[in-house]
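Residue numbering begins at 1 within each chain, and the chains themselves are lettered A, B, C and D in the order written.
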Amino acid sequence: MTQSLTQAQLVAWLGAFRDAVHEHRAHLTELDAAIGDADHGTNLTRGMDAVMALVDSDDVPDTAASLLKAVGMKLVSTVGGASGPLYGTFFLRAAAAAGDAETLDAEAVLGMLRAGVEGLASRGKASVGDKTMVDALAPAVQALADAVGRGDGLPAGLRAAAVAAAEGREATTPLEARKGRASYLGERSTGHTDPGAASATMLVEALADAVA
Amino acid sequence: MTQSLTQAQLVAWLGAFRDAVHEHRAHLTELDAAIGDADHGTNLTRGMDAVMALVDSDDVPDTAASLLKAVGMKLVSTVGGASGPLYGTFFLRAAAAAGDAETLDAEAVLGMLRAGVEGLASRGKASVGDKTMVDALAPAVQALADAVGRGDGLPAGLRAAAVAAAEGREATTPLEARKGRASYLGERSTGHTDPGAASATMLVEALADAVA
Amino acid sequence: MLREPVVKKLINDPADVLAESLRGVEAAHPELRVDHEHRIVYRARAKSDGKVALISGGGSGHEPLHGGFVGPGMLDAACAGEVFTSPTPDQMVEATTVVDRGAGVLHIVKNYTGDVMNFEMAGEMAAADGGVDVRTVVTRDDVAVEDSTYTAGRRGVGVTVLLEKIVGAAAEEGQDLDAVESLAQRVSDGGRSMGIALTSCTVPSAGRPTFDLPEDEIEVGVGIHGEPGRHREALTGASEIARQLVDPVLADHDFTTGPTIALLNGMGGTPLIELYLMYGEVTRLLASAGVEVARCLVGNYITSLDMAGASLTLLAADEEMVRLWDAPVSTPGLRWGA
Amino acid sequence: MLREPVVKKLINDPADVLAESLRGVEAAHPELRVDHEHRIVYRARAKSDGKVALISGGGSGHEPLHGGFVGPGMLDAACAGEVFTSPTPDQMVEATTVVDRGAGVLHIVKNYTGDVMNFEMAGEMAAADGGVDVRTVVTRDDVAVEDSTYTAGRRGVGVTVLLEKIVGAAAEEGQDLDAVESLAQRVSDGGRSMGIALTSCTVPSAGRPTFDLPEDEIEVGVGIHGEPGRHREALTGASEIARQLVDPVLADHDFTTGPTIALLNGMGGTPLIELYLMYGEVTRLLASAGVEVARCLVGNYITSLDMAGASLTLLAADEEMVRLWDAPVSTPGLRWGA
């Protein structure tokens, strides 16, 4: 299978993520109310609305790298809070990894996502188990890598990544947070799903949907 | 019937009023919450506790006039709000009317209460129908005057006064207030009993009980 | 040590709120002196001889009013009553005697039956004692209340803050008692206020909210004692609520003939971010009505415990009032130029 | 015009709260200048050349922090984020460029992941652009949070106010960037805070209280974003609550070796009468622990929207800090000597 990610699919990804954020806005904010400050849904809605205004405009960047970079910049400059720099860094690093590749085959997509997630994790100084979005994103990258290693192709690989992200998200529930606002709660942070892990899962699912 | 009010009965009156205020403190405050500022029960409790501390002390004044004057001064200096100067003036004027009379017969008691109520009404510039304590006190004085005119004697006269006070209190309910805080509510003050009329009724009832 | 009944406030026994709060005022402000027996807040350093002194007072629960406005350029003393209860005449007599510097004393009274009667009795007592020349100004700026000779008349609210500042400056610069009194009356006459509440407040000794208000309604025309307003209306956006504050104030007095001093006041439970937002809405309406705001205050200045809500006060000022407004003031609640 | 969903606040659309509130700030304060595009509050009259500039910023909803602390003797600019959401790097880069007078810029950052990362990115961007020498101080004074290298560490809360005042005075008197930076670090190191909440707050866009708290419980160890605290305890009297503030602060740092600056801060929904009462309780405990409070503030300085509650901040100061504390300051939120 030598499928590759098209510019239209990238745009569809962003649109699907925006839609998911809209649909689950209240839920994300509720998760954040429990162990944070009740704004995660609002933050991402504001950011993805700004991103889509850019994507839907006439001068939408026409290469993967330039589009992803513009998305990252837009998120950094509109979201604020923790998730702004984190998702912003994800897209900026993904953009850098995409470079001037003409086509984004499974390998390239993997490289892009891995760079994005590594950038995000190092921006947040977070590791798996800290109860953050990294807990959803790192397993997703790993699942995609495994799939690519098996030669499964992009749609199947991304589907596996989405499943892994959701599992990672669920796994945050029992954890005591070590990073972000939830860490201030100490033991009281256990028993709640991390809002960032929830939104990150939507990001991976949106990508899987876009290339399905 | 030539009964007269003893110093012990005066003290019993004050004690009975204090007890009534204590018992109905929450109710008085509730009435005040509806059309005022939710402190009438608290104000009178504070004042009557101070009065009884004075009355129960060793150097309780031993004439009617000096006792009533001390009570008036104490209320003025501890109650504050509207009811402090009003009840304070009531006792100060009653004291002046009592003068150095050796025995307080029905006529003297009537003169005392009338002076007290007139003083209170002129302090508050209030007339019957303004929805204030005057609405309970003025009819009480009138009932006592009628009884004294009929030669009914003090216990019966004060009982009649208490009944008239209670009727006056009930009559405040439909009124629109023209004086005090309740007047700020305009039409919304109707349908609520005036807290001061309620406490004033207790004052008259306490006196009737003390000479019964 | 659990408290009974439970009132969700930072207090001990509800009966001790005022006394204990004054301990904190004393600890926080070495520039003030607190007479705990009489519950009077004084300047630590009294005014110099020959200057008119200003006293105000009223129920507590309106902080920073009045104790927070004691200091150079504003009040000489403030008498504190129990929460929402006027102080008593003996407090006022004591304060009057202490602050008089031989030039007389102005009593600043908000028009509430209790305050008026207690200050009246204090005036009678002070006059009987002889000596101090006491004048009184009664503020009555609340346009929510219909005025009439048969009723208690309008409440005194926000203009009291502006009056204490402006007249305090006049006294500080040495104006005599007649001048101070007539200035105070002019300020009082030129002020109009209107308030709304989003929630009731809870009087500590009562233990629960004075009134209940559905989630989608506001009280319009409230005073500063948690009393209900003139009527209820549906909760709307800030721009509409601003109109409910501005319109009745402008309808009652002409503010287009000179400089206006504005106070957008919080009731105690409303955060500053909302007050500023409201002020933005208010100034827009004032501008389109041709009102020129020369000076303004936005914040919690005359409050109603923890009530959420806001009031607007406009003062039709003149150049002299604006000059006195700008004069130095140094109190816990207002401070500039010093 | 009814609002949907109904949030009982003086606002219009929850999405517009910050933008509209800044309109009010602009209208109320001619001494400030507001850049609405970037949501930055500046002094109307910039500092003179050769002086270090101070920038702070953070989520909104903590007013007067930070915009209310812009002015002579304190900040040069404040970047406002959405409610409880850190501002973005481009705001900070813009502010940094504008306020730099050639002597460098100090970024004052409260230790929250979002704030730290956004300021970090701003620093990287400013450095990439070249030119401005940017230093950063991160406050982390909240003793409710256990410190550890594996976690996000302690939150920055009340000491930020004291730092902005003290370091602002140092910059104003012309201390250079190295001196300003090291002073800022010393102030940050010497500050400890602890907070409790009686109620949650309501984030406008969320529309309902962030957490529910039974009538007879309080949250102990809260920050300033309406996040729940470390644990809940039964509601007790103010004297016991004062202990819950004082004890952990004193346990974490020695405040008996020099002068202490104290801040008894309200969370936004607590009336001043309660804050003063609490301060009375707090000073009693401090005195018996041998802590000498040289200066203090009591009031709403770093708030959490409409939350009812209070926090205590103590700063182990030195003579120099006390001197700088006393230096003139002229901002909407703090003003003296000017």
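We take it that contacts are C-beta pairs under 8 Å (C-beta built on N, C-alpha and C of every residue); 3 or more make two chains touch, one makes a residue touch a chain.
Owing to the predicted nature of the structure, the values given are computational and were not obtained by experimental measurement.
Visitor: Can you give me the shortest step count from chain B to chain D, moving only between touching chains?
Guide: 2
Visitor: Can you list every chain that touches chain A and also touches chain B?
Guide: Chains in contact with chain A as well as chain B: not a single one.
Visitor: Most remote chain relative to chain D, going by C-alpha centroids?
Guide: B
Visitor: Express in whole angstrom the distance between the two chain centres, defined as the mean CA positions of chain A and chain D.
Guide: The answer is 32 Å.
Visitor: With chain centres taken as the means of their Cα atoms, state the distance from chain C to chain D in Å.
Guide: Chain centres of chain C and chain D, defined by C-alpha means, are spaced 29 Å apart.
Visitor: Would you mind pulling out the distance in Å between where the CA atoms of chain A average out and where those of chain C do?
Guide: So the centroids are 54 Å from each other.
Visitor: Identify all positions of chain A at which a residue touches two or more other chains, and write them in rising order.
Guide: There are none in chain A.
Visitor: Residues of chain D that touch two or more other chains: which are they?
Guide: 83
Visitor: Taking chains as nodes and touches as edges, what kind of graph is this: line, ring, star, complete or other?
Guide: Topology of touching chains reads as a line.
Visitor: When you check every pair of chains, which ones turn out to touch?
Guide: The complete list of chain pairs in contact reads A-D, B-C, C-D.
Visitor: Please output the residues of chain B touching chain C within their complex, sorted ascending.
Guide: Chain B residues touching chain C: 29, 33-39, 42-43, 46, 76-86, 88, 123-124, 178-181, 183-186, 188.
Visitor: If we count contacts the way the header does, which residues on chain D are in touch with chain A in the complex?
Guide: Answer in residue numbers: 15, 59, 81-90, 112-114, 117-118, 120-121, 142, 144-146, 150-152, 155, 203, 205-206, 210-211, 223, 225-228, 230-231.
Visitor: How about chain D: which of its residues touch chain C in the complex?
Guide: That would be residues 1-3, 6, 8-13, 17-18, 20-28, 60-61, 63-64, 68, 83, 198-199, 215-216, 234-241, 264, 268-281, 283, 296, 298, 300, 303, 305-306, 308, 310, 330, 335-338 of chain D.
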